[in-house]
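Presented below are the structures under discussion, each in the form of structure tokens.
Heads up, the next two complexes both have chain A, just with different partners, chain B and then chain C.
What follows is the complex of A and B.
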């Protein structure tokens, strides 16, 4: 596999060389970083820690049309996300890429989801290793690392003035050959610098959790009052789930505009009361206590029990953006303590 | 300066009362420049309470957010009082909630905290970067001293407090059962310069601005949920039958949502700025609210959340009310 480098100022040339692909990359607007389709390569900024909204929106859009139909008609115009030019997500963080691999389990499970899988198959991931993890990052606790190459097709390292790009898969090689005119071969110096940076970045991770035993034990805390320590101040908004790279729940709605209709799906969240509201009016998760419990238990117990992997990548977004400081690491630590207390009293 | 021991003693005194079921205050957060709200149910827990310039959240929201599912047959719902700690701005939310009869005055015990301002986490991060440890912050008339794990940083007050604090007209709670400190003299005023500045834009530029901002919205509804005045049991935007606002995110539905919300807050917004603080994609939500506040003040000489005896704006009428906006 090839190793390449290019001067950072040549980034626009590299992006321009990917003209046969639909390129998505981080764009910073008024301090907010989000992945967008690149219209102008000069907009792209690799100088960011974690995007405000994770690039999951590129595989699993906030709102997507499943099919269109006419009222009274019988023809369905089914959307095919696998169609169109091949896509590249350029500069994705290792944690956000890991999230795709985790969600693959579900979207490839009992009913293969053609929309998610179609986009997945049609997308090449060019990673960007973290040199400066955020204060609340904890990826090493959940099987990741700031420079993990496990879930990307190629990996970039920002070495100051130079970007070092490492091809990892056949799809990564495809990218490398497309940009071959804009890059040069990397040497041992870059490889060494990248390895050093990866190690240094791991050392900068400040928060952690020992997850051993948590998936097995959370169900035993189902009725434990410790959840209320967190749910009592929960606002019930969608920040933690919408910004979570592994949260994958959606609602399906039919939208009618005179005779033109579409069936669309859009992000939904277990933190909203409507999420679990039954037609009868009964709600099996009547308060934020049950909803908070579900969010944590789903990530750290139900999902790993079913798919053998924790549905959390340690990106820290739910911690960073929660308006009332509901901190998933705090909840997990308290869940361990809550249990110890129970054992003592038992 | 509020004596923390006195504050905790007061909390204990309140919580041991038979007619009080919970107390809402602040505790130290797990990281960064913001505290965490905390709901205490037992007097033994009061040592967790804090008060400093990191206590940014408006706790009045938690009064109306509390869910009260039906109790099992034969049981009575717990209707005992809730105690809540408030800053000057937060107290206006209590008054407005009382004006609207969200609850009765006897249902709450208000513990008042005179306040010189709270830290804006966005400004603090620009100055000091991300923190994995929780900071403490002391504020006086000129300076804010931030304690980051024993490392003290002093900055000009104006550089790190929230915008609302720079134009604060009510540093002292306007409603309280007990005040934890002597009153602070009013130190700022509001000239609505931000509103006038925005109004100078052409209609096209304004529309472009809102298009760009609302396009970012992910409809997490954190602005609605954190708002002390958004406490409808069933919100118009999430109502499913009939459905007034689509759940899909696009510029049309997002704009409809934000205009509806701003409109429903006309004459009600008490400018705690919580909506803008919590937005994960930094939409400057106060732009619309501030314009409403300005208009309501200019046209109807009305200010929400200051007089518990006043009627709600939309339920009041004066013969000389302007009507030139009616076609």
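What follows is the complex of A and C.
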């Protein structure tokens, strides 16, 4: 696999060289960094800690059409996300790439999901290693690292004036060959600098959790009052789930406009009461206590019980953006204490 | 089977017959449907207990048990209580109208494991719908099972589903024990709630399996009484229901603990459920 470098000021040339791909890259608008389809390479900025909105919307759009139909008809015009030019997510952070691999388990499970998987198959991931993790990052606690190469096709390191790009898979090589005219070969100096940066970045991670035992123990805390310490101040806004790169729950709705209809799916959240509300009026998760418990238990117990991997990548967004400072690491630590207390009294 | 390339695409079915099982605000209507593309039958197979998303284009889909047994060939049956948006839209349909079916989904009753055993079904209200294919499977495979006892209760005699089939059970030599919640004129059978009917009939747990479906509160007390009668958790089965959207274990909402009712269920043994605190939430 190839190792390349390019001067940071040549970024627009590199992006322009990817003309046969549909390129999505971080764009800062009104202070918010979000992955957008690149219309003008000059808009793209690799100078960000992590995008405010994770790029999960590029695999799992906020709203997407499953199929269209005419009211009264039976013919279904099925959307095919795998169609069209190959896509590149340029500058994805290792945690957000890991989230795709985690959610693959569910979307590939038993009844493969053609929409998610179609996009996955049609998308190349060019990562950007973290040099400066955020205050609430904890990726090493959940199987990641600031420069993890496990879930990307190529990895970039921002070495100051130079970007070092490392091809990791055949798909990554496709990118490398497309941009070959805009890059030059990297040498030992870049490799060494990248390795040093990766180690330094790991050392900058301030928060952590020892997850051992949590998946097994959470179900035993089902009725424990400690959940209320957090759910009592929860506003039920759902931002923790909407901005979570691994949260994947959705609703399905039929939309009718005159005779043109579509069946669409859209992000949903277990933090809303309607999510689990029965038609009878019964709700198995009637308050924010049950919903908070479900959110944490799904990520740290139910999902790993099914798929042997925790559904959290330690990106810290749910902590950063919660309007009432609910902190998932705090909840997890309290869950460990709650269990220890029970053992003492037992 | 479900369209393997895209499990979100429904089949179109035509309503062949439709009739009301029960009256009232929350009336139950049974639909007997057939695929408009008869070739679907070449790949379709379902087992008692399995479900399907039934719906109308332009309105949406909801999950219903397939209330016909596989031995009832050439059609599928669904019994739908009028409750919300989708069920009200389905209730508007009559013979000749089109609806959609997406399935089959979910697990099924482990009837192979139950061979040679006595089977007791304990139903309440619309909960008889998932039990109907079990009963009809056993009727169609009579030599493979021991005694069959059907216990079924509803608020009033009008509220019993599948009324026309009870005499057949008795003629075939099966137990058929009916109940209504409150006494009414000319009702010759048991008066009281289903858990009490169960104690009245007192089936033996020896080499037996009990299957119960109905309102959650009924299931709770039926299970308590089955344990009083000596049934072990492994001998007790029920079906659960939760709100569902995808039916294939992806949209998230129907979980009880780590299990998805749509995919890991709807059929669960009490031995499984008693380990999951959320099961009866």
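A few points about this structure:
The rule is short, and it goes like this: the second predicted complex is superposed on the first by the 346 of 346 C-alpha atoms of A that agree within 3 Å, B and C clash if a C-alpha of one lies under 4 Å from a C-alpha of the other, contacts with A are read in each partner's own complex, and residues count from 1 in each chain.
Just so it is clear, a residue touches a chain if its C-beta (ideal position, glycine included) is under 8 Å from a C-beta of that chain, and two chains touch if they have at least 3 such contacts.
As the structure is a prediction and not an experimental result, all values here were calculated from the model.
With chain A as the common reference, the superposed partners chain B and chain C fit together side by side. In the superposed model, A:136 lies in contact with chain B only, and not with chain C. When the two structures are aligned on the shared chain, A:189 is found in touch with neither chain B nor chain C.
By the touch criterion defined above, A:114 reaches chain C but does not reach chain B.
In the superposed model, the angle subtended at the C-alpha centre of chain A by the C-alpha centres of chain B and chain C comes to 90 degrees, rounded to the nearest 10.
Contact with neither chain B nor chain C is seen for A:42 once the two complexes are overlaid on the shared chain. Once the two complexes are overlaid on the shared chain, A:78 sits against chain C while remaining clear of chain B.
Of the two partner chains, chain B is the only one that A:242 touches; chain C does not reach it.
When the two structures are aligned on the shared chain, A:267 is found in touch with chain B, with no touch to chain C. Residue contacts after overlaying the shared chain place A:321 against chain B, while chain C stays out of touching range.
By the document's definition of touching, of the two partners only chain B reaches A:53; chain C does not. No C-alpha atom of chain B lies closer than 7 Å to any C-alpha atom of chain C in the overlay. Shared interface residues of chain A (contacting chain B in one complex, chain C in the other): 251, 253, 268. Against chain A, in their complex, chain B makes its touches with residues 29-32, 34-39, 57, 61-62, 65, 67, 69, 130-132, 212, 216, 218-222, 224-226, 238, 240, 246-250, 274, 277-278, 280-282. Listed in rising order, the residues of chain A touching chain B in the complex are 29-32, 34, 49, 52-53, 62-63, 134-136, 206-207, 228, 232-233, 235-239, 242-243, 251, 253, 255, 264, 266-269, 272, 274, 286-288, 319, 321, 323-327, 329-330.
On chain C, the positions that touch chain A within their shared complex are 2, 5-9, 12, 36, 57-62, 83-84, 87, 98, 216, 241-243, 245-246, 248-253, 255-258, 263, 276-278, 281. Against chain C, the residues of chain A that register as touching in their complex are 66-67, 69, 71, 73-74, 76, 78, 106-107, 109-115, 219, 222-223, 248-254, 256, 261, 263, 265, 268, 270, 275-280, 282, 284-285, 290, 294, 297-298, 301-303, 305-306.
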